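Some structures to go through are shown next.
Across the two complexes that follow, subunit A remains constant while its partner is subunit B and subsequently subunit C.
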Partner chain A sequence: RVHGKSSALFYGNAAIVSAIPIWIFWRVHEMDLKENAPLFAVCTLLVTFLVAFAYKNSKFIFKHKIAAKRDAAINYEITKKIGDDKRVTKKEKEERVLWKKNEVADYEATTFSIFYNNAIFLLALLFISFMVLSNLSPMLNYSISMLSAAGLIALLSTGTKC
Partner chain B sequence: SLTCKNAAKNINLYADINGKTMQVTKSEDNSKYQYQVSFSDENKNLPSGRYDLKFYDEDGYTNLRKAQRSGEGASSVASLFTITVSHPGVWKGPMVQTEFVAATVAILVWYLAYTARSKLQSS
Partner chain C sequence: MMSVSLLLLTIISLFGISNAADEKSARLLISKTILNEALVSGKDLTIHYEIFNVGPSSATGVELSDTSFRISDYKHISGLSKVRWEHIGASSNVSHTIVVRPLSPGAQNITSAHVSYIAIEGEPPVNAYSSEPGEYYIFPEREYDRLHSSHWIEWAIFAAMTLPSIGMPFLLWYRSRSRYVDQIKPKKH
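Let's look at the complex of A and B:
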C-alpha cells in the first residue's frame, strides 16, 4: 500500500532516472534522437515501471527496520515535548509516538530507497553498457543494458534481506 | 610592422628558423602583409616554448652562409631583427579517461549506499 504523495514521488523519480541515460546514449554511443525516439520511449516507460517497483519494495522493507531504530529517539523527543503536561494521557502519548515514528520512518525509507536503488541502477547500467556490451550495436546496447539494470534492482528489491 | 632607417623598400629578407634558413616570400598584391614566412614540423619536433626567428637582409644572409660553411656557427652573424614566437604546445588528450572518472564516481556512490544499508540492516 503506497500513499498518493509517496507514489507520485516514486514515479517521478523513476521517470527521471530512466530518462537520463538517454542523454548518455545519445552523446557517447552516438544514437540519433529522432531516429531512435520510439525505442527510447518504450524502454524509458518499461524501466520507469521496474524502477518504481524496486523503490516500493525496498521502501517497504526499509521502513520496518528504520522504525525499529528510531523508536528510542522519537520516544525521547515526544516525552520532552510533552514535558509536565498532565492532560496528556499515557495512551495519547503512545499514540503520538507511533504516529510520529510512522511519519519519520516513511519519509526516511522513501528517500533511502530512492537513493539506494539509484546507486545500484547507475552502477549496473554503466558497467553493463560500457564494459560488458561495449561492442554491440547502440540500439541493442541501450535496450539490454537499461532493462538488465532495471531488472536487477527489481529483482534485488524482492529479496527478503534487501 | 617595420620601417628601415635608410627608407629601403622591397628588400629581400631571409629568415633563420630553428636552424633552417629560408627566403621570406614577398607579395605585392597583399599590401597589409607584404612579407610572409611559415614553418611546420611534426608535433614532437616542435615542443612548446619560445622560438626566435632571426631575419637577415641580403648581406647578412651571405655572411650567415659563409659562417655556416666555415663551421663558425650562426650566432656570430648579427641579425637585422628577431621576432619571438611563443608556441604553447598541443593538447595531447585528457590526463584521466572520462570513463574512468565516471566509473569511480559511480562506485563511490554505490559504496556509500551499501554502507548505509548495512548499518540499517545491522540493527
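Let's look at the complex of A and C:
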C-alpha cells in the first residue's frame, strides 16, 4: 500500500510538472492549443514516465545518504522519548530507531527527489528551449526540449551520485 | 539669308524664353518613407510623405494622391490618401502622415505616390512621383509576437504555476531536515 501511495505521488507530481510547460509553448512560442493537442498529449505522457523514473531512482540514492545522516539525531530522539522506561529493551530500542530512520529517510528522500528533479527539469527545459533551440519551429522546439530535459534527469538519476 | 537668320533668331529666343520659364518654375521633390521598423499584419503601419520645393518660385494647387494601399489589403486608420496644398513656397517643404493596417501577411510592393502641381501660373499641372519604398515582407502577427513581445504576464503566471511543484517539496524536506539537525545540536554543545 505504501509502495502504491509513493507511486501515485510520483506519477501525480510528474504529470503536473510535465504539463505546466504547455503554457509557455502555447503563450510564448505561440503554438495553437487545439492544433497541437495530440503532440502535447503524447509528449506529456512520455515526459511523465521519464520524470517518474527519475524520481524513483533519485529517491533510492538519496534515501541511503539521508538515513546515514539522520542516525545520530534519531537515536537521540528515541532515547529521549524512552527516557528511564525499563520495559524497553535494547533490541526494541534499536528496532524503533531503525524503523524511525527508515520512515524519515523515506519521507525526506521522496520530497527532496521531487524538488531536485523538478528544478533541474524546468531549468534544463527553459535553457534548451530559449537558448539552444530558439530558432527551431515551435513544434520541434517543444518535442526536443521536453524530451531532452526529461532524458537528462532520467540519465542523471541512474548515476551512483545524484 | 535673311530668313535663315530670322529662323535662328527665333530658335534662340524660344530657347531663351524656355530657360527663363525654368528659372521661374517651382520644382517639387517628394519622399515617401515607411516609419515602422517591422511591418506586421494587424498592427499599424505609418507612412510619411515630405514634399520639398527646390525651385525658385511657389508651387500652387499641389495634390498628393496615394493609391498604393488598396482597401482589400489595408485598413485605413488615420490620415487622408488624397491631400491638397494651395501653395508651397520656394525652398520650403510640407509633410503628411497616414496610418494604415495591413490585413494579411506576405510580400507587398509599396509603390510611389502621385503628385500634381502647377509649376508656373497659367500652365497646365505637372505630374511628379514620390520615391518608392519598394518590396516589404509583412510578418504574421503571431510570428512577430513570438519574437518581440515580452510576455512578462505569461512568465509571471508560469512562475506562479511552477512554485508549488518546486517550493512545496523543498519546504517539506527542509522542515524535516531542520527538525533533525536541531535535535543533534544540543548534543554537540
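In this section, the second predicted complex is superposed on the first by the 160 of 162 C-alpha atoms of A that agree within 3 Å, B and C clash if a C-alpha of one lies under 4 Å from a C-alpha of the other, contacts with A are read in each partner's own complex, and residues count from 1 in each chain.
Keep this in mind: contacts are C-beta pairs under 8 Å (C-beta built on N, C-alpha and C of every residue); 3 or more make two chains touch, one makes a residue touch a chain.
Quantities reported herein were computed from a predicted structural model and do not represent experimental measurements.
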{"item": "Room on subunit A for both subunit B and subunit C (clash or fit)", "value": "fit"}
{"item": "Partner chain(s) touched by A:155 [first = subunit B, second = subunit C, both, neither]", "value": "neither"}
{"item": "Which of subunit B and subunit C A:140 touches, first, second, both or neither", "value": "neither"}
{"item": "Subunit B versus subunit C as contact partner of A:130, first or second or both or neither", "value": "first"}
{"item": "Touched partner set for A:13, first subunit B, second subunit C, both or neither", "value": "second"}
{"item": "Which superposed partner A:65 touches (first subunit B, second subunit C, both, neither)", "value": "first"}
{"item": "Subunit A residues touched by each partner, larger count belonging to subunit B or subunit C", "value": "C"}
{"item": "Partner chain(s) touched by A:111 [first = subunit B, second = subunit C, both, neither]", "value": "second"}
{"item": "Subunit B versus subunit C as contact partner of A:42, first or second or both or neither", "value": "neither"}
{"item": "First, second, both or neither for A:74, with subunit B first and subunit C second", "value": "second"}
{"item": "Which superposed partner A:120 touches (first subunit B, second subunit C, both, neither)", "value": "first"}
{"item": "After fitting on chain A: smallest Cα gap, subunit B-subunit C, Å", "value": "5"}
{"item": "Interface residues of subunit A shared between complexes with subunit B and subunit C", "value": "112, 115, 119, 122"}
{"item": "Contact footprint of subunit A on subunit C as seen in their complex", "value": "142-143, 145-146, 151, 154-155, 157-158, 161-162, 165-166, 169-170, 172-173, 176-177, 180-181, 183-184, 187"}
{"item": "Subunit A to subunit B touching residues, read off their complex", "value": "62, 65-66, 68-69, 112, 115-116, 119-120, 122-123, 126-127, 130, 161"}
{"item": "Touching residues (chain side subunit B, partner subunit A) in the complex", "value": "99, 102-103, 106-107, 109-110, 112-114, 116-117, 120-121, 123"}
{"item": "Partner subunit C, residues of subunit A touching it in the complex", "value": "13, 16-17, 20, 23-24, 27-30, 70, 72-74, 76-77, 104, 107-108, 111-112, 114-115, 118-119, 122, 138"}
